[in-house]
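Heads up, the next two complexes both have subunit A, just with different partners, subunit B and then subunit C.
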Partner chain A sequence: MLAIRDLHAGYGKIAVLHSVNLSVEEGQIVTLIGANGAGKTTLLKAVSGIIRPSAGSIEVGGANITHRPPHKIVELGISQVAEGRAILKRMTVLENLRMGAFVRGDLDIGRDIEEMFQRFPALQERQHRLAGILSGGEQQMLAIARALMARPRLLLLDEPSLGLAPMIVTQIFRTLRELQGEGKTIFLVEQNARQALQIADQAYVLERGRVTLQGSGQSFLNDPEIQRNYLGKHAA
Partner chain B sequence: MIYQQLINGLMLGASYSLVAIGYTLIFGVLNLLYFAHGEVFMVGAFIGLYTVILAGANIYVALAGAMIACGALGALAVVATVRPVSKDHPLAQLISSIGVTIVLQNMAIYIFGGQQMAFPETIKQELYRLGPVIISSVQIFILVVAVVLMAILWLFIERTKMGRAIRAVAENHETAALLGVNVNRVVLVTFVISSAIAGIAGVLDGVKNSNVSPFMGLEVAVKGLVVMLLGGLGNVTGAMVGGILLGMVEILSAAYIGTTQRDFITFAILILILLFRPSGLFGTRTTEGS
Partner chain C sequence: MLDTLFDGYTRSILVFTGINIIAAYSFYLPFKTGQVSLGQAGFLAVGAYAAGIMTQKLGLPFPVALLVGGAITGLVGVGVGFPALRIRGIYLLLLTLAFAEIVQGVVMTWEYTGGAEGFQRIPYNAYTLDYVYGLLVVLLVAFARLERSSLGRAMDSIHEDELAAEVMGINVVSIKLLAFGLGAFVAGLAGALFAHHATYVDSTTFNILVGVNILMFVLVGGSSTYWGPVIGAAFLTLLPEFLRMLREWLELLPPEWVEGAPLKRIYAFVHEFLDFENEKRLIAYGIILIVMMILRPDGILTRDSLRRFFAGRREGRLA
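Presenting the complex of A and B:
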């Protein structure tokens, strides 16, 4: 579904990604783990068209999207839940959800909003409140619900567990599994490696702008090097 | 007497509001103080004037003409003077907009001459007495147009898909883009709407004062800026209310303190706001960047 080949990208003259190769198969959860500053967010920004890669290609379902503007990429069915949740704080919860469906022209938007309320009941209670006053966990659920409102084929998530209580993190990862069950393809960037690897079909390690390891989620969990470098803090 | 002054303040304030709304919308989506906005107002007044003189048109045609022409001017300004200028240098777009100000004003002087021109009577002048207040047909017309325009705009911003997109872009460009909003198009639409409103405000000002001049834009640009700061940067409702407030304050201070002190009081308010309430009276805007 997503194929990234020999991707180079960065900000102005600062190169962050050096020849990244990575692919995400349809229906899978693929995770990319790596330390702070490895280039994980930069990679997602390149996929979403926020930054323009300096070389290489990004293909989605066979279509080359490397130099398309962000709104065209969303139209192709790729939604991103950005780092830090990026909800629209000065809009209500309901307005945020409507914004999620911005690229859609159909009349089922109201029904999809109801569906989101069933999935995340906390959002329904607060639908007319400004999104800025929600708790961190609620904001993350809103961010995911809003991304789903575009009915994406591929969902990109940038550290959805960041700064959230363990119980809520577990809930979010459970939601991602459910979404996979409903046929979504998920590309998950995480520092919370253990939980990400537990739900991942495929996993990649990004180090200083290069993919240094790849394998199945399960094999990563058993890999001594991964355990030492990425699971150390959580190892029993 | 005080009621009469309040009506006059409302009249003055309504035109400040219309200009400040445009300032605020543009500031919202681009973080840009679009200094040329006052000159768009002036161009609108002249287009209204010439529509009335040359085409023998009525005031409605003049308003529509100014609205369309200034909307087109707004689109041209984006394509020619905003998009090509680098966003990496915070002052570049501001300086570009000052350039537009100079060009528009000098073109107006060249085409129309450097003097005031009389704006013919387009609305039959009649006076109505409402209790203690005397209000003219011209005043009623201006007020109705301004209020209707603001109501439509408020509904547009709050209730339509494009209005939501404008608010999303004002809050964060990247977030809006990731939701599928074409940010460049939203900026263009915002300029067109803001400029069209400024054009209408210019015609209304010509009708109210019975004259127009190539220099009428500067004062309005500065007053619009005060209103925008008063209402809170990027806050459309704040701009509407702030404009009315400033109009009231100016008229009341002119009436009870003295006309020469009017601008002194306006700018004293500006300084007090900057000192004590930099986010404006109704300000909610946070400085998260774009």
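Presenting the complex of A and C:
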């Protein structure tokens, strides 16, 4: 579904990613873990077209999207839940959801909104409230729901657990699993390695702009080096 | 037509209020996508001169000059909008300010349109009042539709959070350019209408202060709804007239009422302060702006206040 080959990207003269290779198979949850500043967000920004890679290629379903502008990439069925949620704080919950369907030509969004309300009942209760007054967890749910309104094939998430209570994080990861069950492909960038690896089919470790390890989520959980560096376990 | 209904004084105030509202809309359009322009006066000048050349030098009829002048200004706007895409905030403010300065410089040195002596004998348009309010109705209808359209929502989203807009699939670049160009087009119309009402414009007609005033119209009126620019432009244009009226009423006070020492000084101060012709009204503007910032930072009229007003009326009807 998503294939990244030899990708180099950065900001102006500052190179962040050095020859990243990574692939996401259809229907899988793939997670990318790494420390602050490893380049995780930069990679997602390159995939969603917000920054232009300096070299390499990004393909989605066989189509090369390397130099396409962000709105064209959304039209191809790739939605991003951006870092820090990026909801429209001065619009209501309902307006945010409607905006999520911006790229869709069809008028059937009422049913999709109903679906989102069933998935996230808290959003239904607050549909006429301004998004900015929601709690952090509700804002994250809104961000995910809004991304889903575009009916994406591939959902990109940038640290959805950031700054949220453990219970809410568990709930959000459960939602991601459900979405996978419904056929969505998910690429998840996380610092919360343990929970991300628990739901991931495939996992990658990004260190200083390079992929240093890859494997299944389960094998990562049992890997002593990963345990030491990313799961906070110390070797006995 | 409309002008037969009013005396000359009222007519002139109505024309200037209307042109100011149109100019305020020219600022409101790019502002809807988060672009703050201090250079709208420059676009007014481009429209005024372009249309003036067409009527006075080329002998074209006014309606043609108005539309073509507006279109030319719109194209100039897209040209200025391109570099404006990459910068925001204070830098965009400076860029647009520089643009207005360049226009002023060109106009002052361009002998074809009179240079520093000004562009004289622009044909007088007897129907300015009809044109101005006709255009206003068109603009209001257009903005009412924009508000409910997905384009309008996209603009609001860009204003709020460009990253959010991008990840939702909004073509941020095109919409920002469109808004900037349309804003310039509207400014060009306002400039053309003004030129053919005043029949004379020069390089000082559309100075920096005009740009600041236009910005004030929108910020004071409220920028979250399209009624804001109307309220702001009308309020600030009519305010000096109101102050002048106050001054006239003040003069009707019997002199013995203000004989006492402190009263006399207060009277003299207020009398002087309300003098429409002097620059003290700029102080009044400044005070209004500061008070506004504290009491109603989002302007006199906001989307929420409109919402509440209409919700209240609906509930009232049900009861």
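Simple rule for what comes next: the second predicted complex is superposed on the first by the 232 of 236 C-alpha atoms of A that agree within 3 Å, B and C clash if a C-alpha of one lies under 4 Å from a C-alpha of the other, contacts with A are read in each partner's own complex, and residues count from 1 in each chain.
Throughout what follows, a residue touches a chain if its C-beta (ideal position, glycine included) is under 8 Å from a C-beta of that chain, and two chains touch if they have at least 3 such contacts.
In this text the structure is predicted, and so the values were computed from the model without any measurement.
Student: Identify whether subunit B and subunit C fit side by side or clash on subunit A in the overlaid structures.
Tutor: clash
Student: After superposition on the shared chain, which partner residues are touched by A:164: those of subunit B (first), subunit C (second), both, or neither?
Tutor: Touch partners of A:164: none, neither subunit B nor subunit C.
Student: Per the contact definition in the header, classify A:99: touching subunit B only (first), subunit C only (second), both, or neither.
Tutor: both
Student: Regarding the shared-chain residue A:176, is it in contact with subunit B (first), subunit C (second), both, or neither?
Tutor: neither
Student: Considering each complex separately, which residues of subunit A are in contact with subunit B in the first and with subunit C in the second?
Tutor: 48-50, 69-71, 74-75, 79-80, 82, 86-91, 95, 98-100, 102-103, 146, 150
Student: Within the complex, which stretch of subunit A touches subunit C?
Tutor: Per the stated touch rule, the residues are 48-50, 69-71, 74-75, 79-82, 86-91, 95, 98-100, 102-103, 146-147, 150.
Student: Which subunit A residues qualify as touching subunit B in the complex?
Tutor: 48-50, 69-71, 74-75, 79-80, 82, 86-91, 95, 98-100, 102-103, 146, 150
Student: For the complex, which residues does subunit C have touching subunit A?
Tutor: 150, 153-154, 156-157, 160-161, 163-164, 166-173
Student: Which bits of subunit B are touching subunit A when the two form their complex?
Tutor: Those in contact with subunit A are residues 161, 164-165, 167-168, 171-172, 174-183, 284, 286.
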